[in-house]
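This structure is in structure tokens; I'll ask about it shortly.
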């Protein structure tokens, strides 16, 4: 199951809530303001590193670019809208609003 | 200056952000989903107790009633819309959305 | 595309508090309609979503129609799978006794496992 | 009511990230209009609000017009009081060098004191 | 006291419109003047007359018309925000008007208080 | 693959409508069928034809019409949510339609995926 997160983790608890329910192996995709979680060297980098031990983590590249995020936490993959569709081909979707 | 907070502290960081900027003596008023902060015995009770050492804290009674909050953290005052107007008579307003 | 005989597993995840926004109320309206379609529905309450079930809600003062009692009607629509996240209750200082309906309180890991079995998950 | 000769202290508090919602953009539009009225304006960036000033924003891919460079124009409108909360920058792993305009980085307590001097505070 | 209100969310979806109304009602009852309610962001969606809520629900548009006609409150929608969202004179509620952000600045200057309600 | 989309926020105020469109566009380009976009909550505000965004901005309403007319995507607004918010047939975008939540259920049943975009 693909989990999408669209909220900044600094203002909303959505990402931390999602992590509590995540099953091993399920991919996480940050979109919209959610991509701020993936910026290298912020307060959430260590949580993302923990998540990546069991789950692949992606961020939507056009959303990273729009926000000027040039460096993401190491190991976070980056996909464009086509890659987003690719993930949806492989998984059912759980959109954490 | 009267600070109003309308977001649940469990889902949004607004209350905690506001607290960092609060000046001693300035009243805080919880409205809408913000009143969940004031429920007795929840994870934010101790933060509210800390705030109350320097600031009067109120919750909007119609919003408490609407949410079934029958017990608030001790020391939190309760006001109706008329009391809200009363606070606005005495203070400029800082609405933390 | 699935055949007509397929029964879909559809999970509604209640995430927002009532009254401050309409998501919880319009979410419940969606559940009531979907209940007529004989799919495999479940409703899960996570985070502020648990507040929708809080007893003693009286919305007279804010002038908005209350709807907590409508959750009691779900049983009559054969929506019997109501799950509540234990940690969400606990950090809010709530217990099962504070809720208007009988629910099953579950660990996040169990709810997470249920989620992965779904065909559709909708957050409200 | 204040007299025509009064100058009001009006503070705009930028709180939201750009692009995910319109509040930051429409907030900036409001500031630009108010700048023409010769009041005592200040703009404060708190929490995700600091992201509006992040360098290197390229919104081509999401199809939404970028506006970070418009903050550079504020100086030309005599809006010179731009304050950024230090803790908000730090927890986001940002420094002044990451921002498109010169700002004054301040402690929350100082910003809080400035807030109490205002006649009007508007959050975006 | 003279009070201005800035409302940043549309009706029904968020409680902001309800709280703004309840506050205005209480302020008027206490003898204050509510000078204007300025609609911004999605708040401009409060200005459509086309809403048709269920009979047992409150009618938020009717509340703004009542405040305008009975209590002289200016109900004003920002033109730029309105154009984006499809609010124009053809759908405008009775007592409401489209105006610019300069008017909001005037409201901020001429009133003793400006309160914001939103999300 | 057959894909349904549930959109829960109005245009411009949140990025949800943009992301939903960009996703639909990419899915169609990859050869998938986007069966329907169902508008709920404030999402129904996507269905007004009265929006008049600045010339240098995207026109979100025109995107939905394009998806409907060029790619056969059903663009559907929930009737109960629409009535609350003043969306009706008089203001409906070309290619859009008002319907009930039963249709969303059909969409959830007949598609391989249902994605949600919102706030």
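We call the chains A, B, C, D, E and F, going by the order they appear; numbering starts again at 1 in every chain.
Operating definition for what follows: contacts are C-beta pairs under 8 Å (C-beta built on N, C-alpha and C of every residue); 3 or more make two chains touch, one makes a residue touch a chain.
Source: prediction; values computed, not measured.
Novice: Chains touching subunit C and subunit F alike, please list them.
Specialist: Intersection of subunit C and subunit F contact lists gives A, E.
Novice: Compute the centre of every chain as the mean of its C-alpha atoms, then state which one is farthest from the centre of subunit B.
Specialist: Farthest chain from subunit B, going by C-alpha centroids: F.
Novice: Looking at CA centres, what chain is most distant from subunit E?
Specialist: The chain lying farthest from subunit E is A.
Novice: What whole-Å value do you get for the distance between subunit E and subunit F if each is reduced to the mean of its CA atoms?
Specialist: Each chain reduced to its C-alpha mean, subunit E and subunit F end up 28 Å apart.
Novice: Roughly how far is subunit A from subunit F, going centre to centre by Cα mean, in whole Å?
Specialist: Subunit A and subunit F have C-alpha centres separated by 24 Å.
Novice: Can you pull out the residues of subunit F that are in contact with at least two other chains?
Specialist: 8, 12-13, 15, 19, 22, 41, 57, 80, 114, 116, 118-119
Novice: Mind pulling the residue numbers of subunit C that touch at least two other chains?
Specialist: Only 19-22, 47, 62, 64, 119-120, 123 qualify.
Novice: Residue numbers in subunit B touching 2 or more other chains?
Specialist: Correct list: 6, 10-11, 13, 32-33, 62, 80, 92-93, 95, 97.
Novice: Can you give me every chain pair that touches, using the contact definition above?
Specialist: Taking the chains two at a time, the touching pairs are A-B, A-C, A-D, A-F, B-C, B-D, B-E, C-E, C-F, D-E, D-F, E-F.
Novice: Can you check the complex and tell me which residues of subunit D touch subunit F?
Specialist: 19-22, 62-65
Novice: Where on subunit E does subunit C make contact in their complex?
Specialist: Within the complex, subunit E touches subunit C at residues 12-15, 18-19, 21-22, 56-58, 119.
Novice: Taking the complex as given, what residues does subunit E use to touch subunit F?
Specialist: Against subunit F, subunit E makes touches at 10-13, 41-42, 45, 48-54, 57, 61, 80, 83-88, 90-91.
Novice: Under the definition above, what is the set of subunit B residues touching subunit A in their complex?
Specialist: These residues of subunit B touch subunit A: 10-14.
Novice: Along subunit B, where are the residues that touch subunit C in the complex?
Specialist: 6-8, 10-11, 32-33, 36, 39-43, 45, 61-63, 65-70, 80
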